[in-house]
Structure formats: C-alpha cells, structure tokens
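First the structure, which I've put down as structure tokens, then a few questions once you've had a look.
Chain naming follows the written order as A, B, C and D, and within any one chain the residues start at number 1.
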Amino acid sequence: MAKKDKGKSKVTVYPDWCKGCGICVEFCPAKVLELNAQGKCTVVREEDCIRCGFCELHCPDFAIVVRDKEFPQKDKSENSDKKTATGKGA
Amino acid sequence: MARRKKRKEIFALGNEAVVEGALLAGCSFYGGYPITPSTEIMEIMSARLPKTEDGVFIQLEDEIASMGAIIGASLAGRKAMTATSGPGFSLMQENLGYAIMAETPVVLVNVMRGGPSTGLPTCPAQGDVQQARWGTHGDHPIIVLSASNVQECLEMTITAFNMAEKYRTPVILLLDEVTAHTREKIEIPNEGEFEVFSRTIPSMPPEWYKPYEETVRGVSPMPPIGSGYRFHVTGLTHDRNGFPSQRPEEVVELMERIHRKIDQFFYDIQLVEEIDTDDADVVVIAYGCVARSAELAVQQARENGVKAGLLKLKTLFPYPRRHTERVLAHAKSLIVPEMNMGQMSREVKRVNMGRVPVRTINRIDGQIVTPSEILKVIMQG
Amino acid sequence: MKSPQELDRFEIRFSGLGGQGIITLGKIMGQGLALGHGYNVTQTQSYGPEARGGSSRCDLVISSKPISYPKAESLDLLVALSQEACNTYYPYLKSGGVLVVESDLVKQSPTNRFLGLPFTNLAKDKIGIAQAMNTVVLGSLSFLLPFVNQGTMRKSLESVLPSKIKAINTKAFNLGYRLAKKQWGDDVGDVWRDEEDLTRR
Amino acid sequence: MSEITGNEIIHQYLRHNKKFPHVLCAGCGHGIVLGTLIRSIHSLGIPRDDVVVVAGIGCSGRLAVYVDFNTIHTTHGRALTFATGIKMANPKLNVITIMGDGDALSIGGNHLIHAARRNIGVTALVLNNNIYGMTGGQSSPATPLGSTTMTSPYGQLDKSFDTVELAKGAGANYVARGTVFHVRKLEKIMTEAIARPGFSLVEAITPCHTQYGRKNKYKSPVDMYKWMKKAAISVERYEELPEDQREDRLPIGVFVAKDRPGFEERYFAMKAEFQKKTVKGGK
C-alpha cells in the first residue's frame, strides 16, 4: 500500500484478545499504535495509518483489524464458504 | 431352518481366513508393516484390496504409522485394520490408546509369537494377553477376541469389525502362530448368513451434532470426515464436542461413558464355547490353539471315565466372568493351560476367588501345549 | 463328495530340502483331501530360519472327524526326500507307520522297512524337469494311500496349477502312480486298509 | 476476491465457541502461521468441509482446535501417519498437517522422511521455533549450536537440523521456507504448497520468546522478530553469497518445486486399470 492511502483507514484493536506482545507497535512504520498502561495495544494516531497491513498480518492473536473508514461494515458472510474448489483434492 | 445355499469351501491358512473375514465384514482399508508370523495377512491384502471396488492398501514405514493411518482412514469413514506380531504390537500401543480415547473403530490383529523383545519370531506363544488388556497407558476398556481354528479366524474377524463399529472402539483379535499358520478347509458364508454392523452416522443438522455425546448406548453416531460435520478429534480428555477439557465433571463423564459403553453390553461382547461343561467335574479353560489340544484332552478324559469339560474363550477381555461362574457351580477343579507363565489364569483365579483349585499348565518354549499334557493333569483328578 | 474311507486321525509328514517343492506338495495334497475328498485336514509347515536354511517340512493331519489338535505328533506316514530329513524325523514315525524315501538321496535308511523310488531322477529323465519331482511323489502317494482317489487327486492338482504347466504335471502324477503300483506292489496300502489299524485312539 | 482482508477473514474461520485469545504466549509466531494458513485456504476457495487439519503434539498442536475445519489433534510426531490414512481413504480432501520442530524432526522424523519419499498428497507445515515449548524449553533437533536450553544448560552441542535439506533429500515434491516476519511471502508459498500435487513441506520459522529467546539474549518477543528480519534472505540471494557470509543467514523461499503425481493418484490410477480390465474380461 502506498502513502496515498494515508488517513483513509480505520484501525480497530480488540483489547480482550491483545496480549501486548508489542510486535505491531515496534514495526508500525507510521507509529500509529502504542502500548497503553495495561500493556495493551491502542490506536493513537489513526490518521497517520498508511494501510500497509503489517499490524494486521503480524498480530498473532488476530486482535487488530484495519478497514476502510468510509465502509466500516462489509458483508461478512460473503466469503465464508465459497464452493469453487481448487488445490490438491479437487 | 430354510435350506441354505451351498457355501464355498477353501483350503486356507488362518491368516488367509482373517482376510476373507475382513473383506466380508466390509473392511476397505489396510495399513501395515510386515512382521512374522502375521505377514501373510498383509501380503494377501496387498493383492486383494486394490482389486475390490474401493479398497485401499498401504504399506507404512513402521507399526506406529500403521496404527496412525488406519485411525485416520477410520475417521474418514473406512472400516480399517492392521495386523502385526510381537514387537509390532508394542509399537502400536501408543496409537491404540488414541483410538480408544477418540473412539475410533479399528481392528488390530496380533498374531502372537514368543517374547519378550524379538523372542521367538516363528514359534507360537500366548504372551501378549495381558499386554492386549493393559498395553496402552491409562485406564481404559478394551475388547480382545481370540480364535482357535481357521474357520474361527474368519468368523472372529467379522465379529471384531462388528464390535468395533457397534461400540466405536478398537478391537484386538489375538491369534497365535499355530492358528495363523495352519491350513484347513473353511466355509465362506454366503451373504445374508452373517451380520455386518456398520457405525451409525448422524442424521441431525451439523450444527447440532456432538461427536462425544452422552447417549443411552454410550456411543455417538460418527460421520466421515468431509461429510459436512466438522468437529475436533483429540487424544486429550475432551468434552461432548470433542474440545479438550480438564474440568473434573467432564473428565468423569467421558471416562465413565467409554467404560460404560462396553460394560453394559457384556452379554453381547463376551463370547465362549462350552464343550461338555454341563456336568463336568474338571473344567479346562483355554483359548487359541491350546483350546484345540484341550478339546482332544477333554474327549479322551471322558473316554477314560472322567467328567471333563472345556470352556473355550473367544472373548478374552472383558473377561467372561459370568460363564466362568456358571461352570464353577459344579466344577471341582479348573485347569488353565496356556503358552505363557499364567496370564489368563490370573483372570480365572480372580473370578474363582479360591473356591476350587485352579491348576495351570504353562509352556514358554515356543511349543504348543499338547493334548497329552492336558490329559495328564485332568487325570490327576 | 462322500469320503471313501473312515479315518480317525492320519498324520503325514513331508520333509526334505528347500526347493524340492515340499510345501507345495503338502498344500496340494491337503487341498485335494479337504475339498476333493471331503476329509478334515490341517496343514502346518516349518517357518523361520530352518525353512530358509535349506530344510523343509510340511505336515498333514487327516480325519473324518473334526480335528482338535492341528499338529502332527505321531506319524502314520513319513515322506523323507533327503538323508538329513530322514534322520531327523524317523523317530516321530509311530510303530507300524510307513516310511517313503527318495531312494537316490536317502542312502541309509534307519530301517529296512521302507518304500523308495528315485523321484528326482524319474522327474528329470521321464518328465524332463526335475521340478516335477513333487508331483511324482504325489502320484505315488495317491496309489499308496487307500483313502486317496486317484482321479479326484489328479483333478485337484490340475485345478491349482497354471495352464502352462498343467499337462506336464499330469504326466508326472501318472508316472508316480504307475511306478508305485509297479515297484511297491498292489497290496502295499493294505497296512491302512485294515479297520483295526485305522481306528486308534 | 473479497474486499475484506486480513483478520476479518480469519475471524470468519475461527471456531466461535472456542475461547480467545488462544493459549499461546504473547508474541508467539504460531498464531501468525495459523492466520496465514487460513488466508491461503481462503484464497484458494477450498470449502471448509474439504479441509482437514491434522496436528501433532506441542504448542503447534494446539492450533487445530481453533479453526473451523475438520480438525484432528493426534499423537506426538504422528500427524503425518494419520494424514496419510485420511488422504488415502478420501483423496478429495485437502489434508494439511501442522507439526512443530520436535514433532516433525525428532520423534516423527521417520514419518516425515517416508511421507516425502512416498509423495503422499499432504501439505506439511513445520512450525520451527527451535525448542520444545510446551514442555518447558528443552532442546530440540532444531536448536542452534551453543544455545542454552533446559536440557542443554552448558550450550547445545550439536548443529541444528536443516528441515529443508532433509525434505529435499527425502524427495519431497515441494519444499519451501518462510518466516512469520515475512508474512506475505509465507502466504504465497503456503498457498502454492496446498495447491500442488504430492507432498509439500513448508517450514515456518516462528519464534518462541518464552522458552528460547529469553535464555538466548533476545530480551523481548520483538527482538526475535528483528532477528528474523535481519537473518532472513531470499534463497536466490543466499546462493550468490560467498560461503563465509552465509553463516548467520537464513535462506527463505522455494527450494524444490516439482509436479510429480501424489501417491494416492498413482494408487487410484492402478485401481482404475484393474477395473478397466475386469470390465473387458467380463465381456
């Protein structure tokens, strides 16, 4: 993702799932995230997010979601069980 | 009884009869590793299974893998089996426990040879009896069957599959080198002349299915993997959904159920054959090839005026207590001949509780207990 | 098929060297007696190191009644196709039992009461292949044993062989039968035809 | 492809009746591997009923319980044996095994060799964290030389086992290595591994800070990710490096990519031959 995406993202952290390992905070190129007093990840500079996706891909606990600001709700059921099989068994 | 269709007769090895029985029972998966004296089962399977409609044969890298593969195949909906001997049986104990815990029906044939360790590879023994019962770690129920002649090899293999499927449990068929390596004429039963039991599959929507549910029979239906019922299988103690659990009440529920599903069906599982036991003063309790020697000895004793009888065990575990108690009602003594230092006589003594003398005949030299040895002990009164 | 003669318990041991076709001989004879003649038969054989190391053994127990103990322990007939086998197993022959030997290979018989034929050379010279030796033995035994029906045994032999080698084995079988009759005499099997001798135990 | 990305996809595949966060330690890379696996399967469009995840014992073995596929948590080292049985019983299924380094290389080493040799159509994920984590940090075959562990308090005496070389030597169809730092690359090779016929092996380097890092100069989980970032190098560039500069580098990427038919394909082709013959013979 490029810099042109800056400011268009909404970053959500689910504190219940965050274990505060700090990977996202350390490697976030725009310093969007910080660890709070409880040791959990919080979003502090959302507008600086360049949508690189690092935090989402590297969160071992699936606790961070980055989505478009304008379209916060996507159809969640859409892709749950696509029946276009490829791969080994098919 | 209606006039039955003539049965096909073949002159077959005990090991060959196991294969015939397995195929009649619907076995469509064999995974194994060669070892004497069970190897013929594998060899014949390797020729037969690929030519059946859906049969799969695979030679694995060892006995551990063999057990793993047949459990996997069973989870995927197959009636699966393996066969082994001595050292291979030791290696299979690990995943045997898994099959008990995950309630996976499989059939394991162990053609016993002399042990411990490499022991007497080509000689008969009955030294794996207690290992079959207690070989895998943990407190567990198990069904162990046996056969004493070639026809029984066929029949008991069918029975083993039926019990495995009915009770969702591994079943061990303990044979010995003599039975496995004897050729005899056997009759292949025609379709419809024997029962074939297949596991029940769930008939509720997948969301409501629980793989380890508490049921009246203690056995839940079991769908094949990939049929839409997605669930978790584990060797850890688990809840009704199959998810690991350490909560005491869930652990107890699981463990009690896997015991109960066997315990409450003793009448169905415990199989024996009684020969002249009704009025017998001396009862020989034997299994496997030794039961054949015993049969002759009992017959000869009767000819010599001694009221002898034979209780032939076809189910070794759960031990047929009820049948033993029945012969104890009139028997003045019991004789337990076996090719070990006294593994089954322990069970007999446990039931006998000191009521009558229990004499044992034990051979561990790789030779079968002969009729004359048994006869001698019978005649001692 | 009706059994031609009542047998209580008749024990045969085939013994000799690996490669002589001893196990095959026992299997074919066992099958012929079990399926063709309708007897109860158990066949057992040597396994393991001794089976790999050169010697070979195959036992049959034949009876009109169900067989309880499957192994041979007191032989009615010992077929020894090597000197070593003859030495090893002669003690297991019961008194009055019959010893059949390969007369070229068993130079020293432990008893002067034996029946011999040079089976290997017969197969080599008259049939053209030494491997047919076991079938020659089968033919001879079919003559010797009064409860074996020659035609049934031949049919049984033919049913288990691949078509390629059927004709030559039939020839070998007939040769064995003919020579046994000629050399051993018409009444050689009478020892077992006597009812009293047959019903032991 | 859907517009939703990353963890939203993953959330759809997680078992909603399981408790989260999962049992693994903070900063453990195993969760990242699980996420990557889910995205790979999602991108291939494989229905979840057709996916079987077979796990061994250890930290990695705990992953299976969290995903809504057909999941089987087997015995230590034996995942591939169960997987082989499942694949042969029903070749339509996509069978993926998750094993740790101790699981796959030590107790299950023989099964790994023979799964590769046999070329059974299974994807093997080896989650290499250089240690036995679940049992408290004992040395594994993948523990680097000199490392301190609970069972090598004076330093590991032998060289760490190279999973990739082992799989190559055993004849695996597809062999690749990735790290949980280089997630996109890991996803790419994992997707390819699942899509290939025959046996595929993906080694995922995933750090264990709790049991390995702390005792070996990695002060925080983050330090371990920094190490991966620094040490990893694409296999192509690694090949170009002079011998003396290879020492501390970790080649990642695809090492072997063949298309030999899987064991199950060959077996069922043989069966089909028999059936053809029977039909012919019948007429």
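Everything below uses one rule, namely that a contact is a pair of C-beta atoms (placed from the backbone, for glycine too) under 8 Å apart; a residue touches a chain by one contact, two chains touch by 3 or more.
In this text, all values refer to a predicted model and were calculated from it rather than measured experimentally.
Fewest steps needed to get from subunit C to subunit D, stepping only to touching chains, is 2.
Of the two chain pairs examined here, B-C and B-D, the one linked by more C-beta pairs in contact is B-D. Subunit B and subunit D have CA centres that are 38 Å apart. If you average the Cα atoms of subunit A and of subunit B, the two centres end up 56 Å apart. Rounded to a whole number, the gap between the C-alpha centres of subunit A and subunit C is 84 angstrom. In subunit C, no residue touches at least two other chains. Not a single residue in subunit A touches at least two other chains. Residue positions of subunit D touching 2 or more other chains, listed in rising order: 48, 50, 92-93. Arrangement of the chains shown, judged by which pairs touch: a linear chain-to-chain path with two open ends.
Per the contact rule defined earlier, chains pair up in contact as A-D, B-C, B-D. Residues of subunit B touching subunit D in their complex: 29, 31, 50-51, 55-56, 58, 60-62, 64-78, 80, 94-95, 98, 224-228, 230-236, 241, 243-244. By the touch rule above, subunit D contacts subunit A in their complex via residues 2-12, 14, 20-22, 24-32, 35-36, 42, 44-48, 50, 91-95, 121, 123, 180-181, 183-184, 194-197, 220-222, 225-226, 262. Across the complex, subunit A meets subunit D through its residues 16-23, 26-27, 53, 56-67, 74, 76, 78-90. Residue ranges of subunit B in contact with subunit C, taken from their complex: 9-11, 36-37, 121-123, 149, 177-178, 181-185, 289, 292-293, 295-296, 299-300, 368, 370-371. Note for the complex: subunit D touches subunit B at residues 17-18, 48-50, 52, 54, 64-65, 68-75, 78, 80-90, 92-93, 110-111, 113-114, 267, 270-271, 274, 278.
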